[in-house]
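Lettered A, B, C and D in written order, each chain numbered from 1.
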């Protein structure tokens, strides 16, 4: 469950987010829509404790993450999944190693972990790429591995920033199905996109962001 | 269970780091092994010279030449006084006649000369052996100072000159060893730190991902610390192997002449283990130093 | 003008491109469409001399680039523009520095260069970001800077791999207009995308790629 | 015009590299300046001792003691023979009587002894001065060998011992200097190379972009070479400043005792410039070494 209260974020003189208040219930899928530069990624980074808000409070699963030690942030992140534009794959490692790393860090038991990996890779059509080195994958395949890594540890919260921008329609549908399945199992999902078609697929909870302001909820 | 998995992760990451930058790793290994070799060489020389010095120190005795015409009573009393010092182990009396006999045994041709001087040609003396705890260069000096004031003693001889030389030589050796040791130890640390920093810079992107996945600082640093420890320990081991080779093929033959029958020894086994452990420790410190910046740069 | 004759590319046992023959006339816009992993990026990398084909010949502006020295490749690239998934911006530099670098390397005279920069940045709506550090830009803005850098030196050939995947619709239209303008001025454009909507905008010359084979031209 | 733009690019890139990794750059500067300082110190000592040696060499003369009872004719002929050697500059005759007078002037108490030996107490001799080109330790040795065989000469004296000592000392000094110099020069190169390699690793991504934009190898390498040259030259300059400080505050005072009135000099200006140029060259080589891998890794 994610709550934002009157959150502001500013760089130098530029106000990137202004007075954002948002509530995403557990198991909800929240779709943040807005053009380039609207502040979607910044918003997701605040939820991920990667940046600190200048004003306002952020609660993740009833924990106030606004002022947290690095160590506590690590613990929070272990229960979250992310698909961001930067922080992509470790290119020297195989798909399996990349995905398994999330489980190692989250401390998921090995047996359950193996099952999860197989299930997730199958759902994203990556079984046959399991032992390929990440750098040899096509861009869309890499993106799917990122998604696999984010969901494999059954996180409480999933943050996905433009997860389907470079995926073909078949792959995008697989991803959407995966996200819906996760939300059904209780994961809180926040999705950011500039694409109206994508947003239209998640009509339950849609947030329009423009110039750092929530214009419609 | 979790720990085992983490250890496996550390090992595989370290392996990958060393393998991916094997050229760099080999250069680091060789250079820091060479610096450690220099330290080891110095240590080896020190250990051996120290051994010789110790055995020489055990032979240190002091000759107290007595005033001419000292009465037997006075001599006995003097002997008692000297024996009462805790630094003194034993005292042997050499009468004037004994001294002359010993002298003539060595230089038989000077019989006439000796006879012309009469019985008092050489003074009577005490040969003072030191207590085991005071058989050092400093010990003999302090005893000599105490006895100097005692009446009836005309002169003290204990080879001041060579003892002083010995003393200064060992001091100098220790000093040089210390300077060389500290310098090259720092060099080793710097070499390892630099190597780790290079792999670290190359893993910048990966470290960012780790942090996003919720890895703690300790988790992230593990493989790099392990890499440092491994490099350090291997360097230490390599240095020892080189040292042994040099020892067998070179020092062992050359040194025997200098050592006055005292046999040359290699470093004792605990020291060998100590060198490897120290190497590992140096590597650890080097890795820590290079890791100091991770938090700052990729927070 | 770009010509490919029976080009094959294989990694280990995996055939990524097989028997691709293609002709793109000067000033033409060729749109390569195909799902993820079809081999679109690989095809563009071959044209950019970043990879060598296993068989077949590639001609760029009547130069056979199949077996060229590194130096000759550099010269060819100075007359080409690229928008690739990897090789993005120098994140420590400003937008201006990133774009100007292409001109410095291509050796474009300073005066003409300055005009070009202003024109291109304006066309992509980036004037006000000119002196921002690249790393502070939103993802879509970064993508547009990549496009600006690719077109600023008026290249003879422009290769764009999924240039609008993360751009909002307004920005995408700006980019398409820019590409059309360039083709009008004689630049040969090759565009790769998995998105049917994008492909539909360039119906003149469309190449369908699937599993490394050209299925429709 | 294009070149100017490229130079501006190189300068700004180098500035950015040095600034972004200023900690690293400073460490590299200090350590390689210190190594160069050691080399410079050695060079300074060498230059000064060489000066003393040269002035001592200029005083080298050779005494040829003649056979007793050599006739005046023979002596004249001998003088002519000796003067004909190209290595010989001048010859002065000292008769047996002159020699005795000189001796008595120095040791007046030994007059009786001298007189008991008569006029032939000391042999007549030639004092041979060497030609300017042969006033060296090697020169005097070779002349001595030539003259040895000439009949009428009974003995040649030219202070073999101290000349040999001098010779070996300078040779030893040169050898140590060479070893120290080569080692520390290599160390400086390694330090600079490592620093550049670090910035290089950090610019991996940027280098990839440059290559895609059609930049040639030379274009890409320029800033890194400039960085190497700058670091090297600054290290050289820093070493010189340190050297001057040490010279003024330390050597200049201490050394005077040893130098036998010969005044101590700092390195001559051309050498100073040379050190900076050499530093730049070392940096260049270091940069080249670290750049060797660019092509391989990021083709």
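The criterion applied here is as follows: a contact is a pair of C-beta atoms (placed from the backbone, for glycine too) under 8 Å apart; a residue touches a chain by one contact, two chains touch by 3 or more.
Since the structure is predicted, the reported quantities are computational estimates derived from the model, not experimental observations.
Counting hops only between chains that touch, chain A reaches chain D in a minimum of 2.
The chains that touch both chain B and chain D are none; no such chain exists. Chain centres here are means of the Cα atoms, and by that rule the chain farthest away from chain C is B.
Spacing of chain A relative to chain C, judged by their CA centroids, is 29 angstrom. Mean C-alpha position of chain B lies 69 Å from that of chain C. Computed from the mean C-alpha positions, the centre of chain A lies at a distance of 61 Å from the centre of chain B. Annotation for chain B: no residues touch two or more other chains. Chain contacts: chain C has no residue touching two or more partner chains. Taken as a graph of touching chains, this assembly is arranged as a ring, one closed cycle with exactly two partners per chain. Interchain contacts (touch definition given at top) occur between A-B, A-C, B-D, C-D. On the chain A side of its complex with chain B, the touching residues are 48, 50, 70-71, 74-80, 82, 84, 86-92, 101-102, 104-107, 110, 149. Per the touch definition, chain B reaches chain D in the complex via residues 31, 190, 194, 197-198, 201-202, 204.
By the touch criterion stated above, chain D contacts chain C in their complex at residues 1-2, 5-6, 9, 16, 20, 205-206, 208-217, 219, 295, 299. Touching chain C in their complex are the following residues of chain A: 11, 35-38, 41, 85, 136-141, 144, 161-162, 165-171, 194-196.
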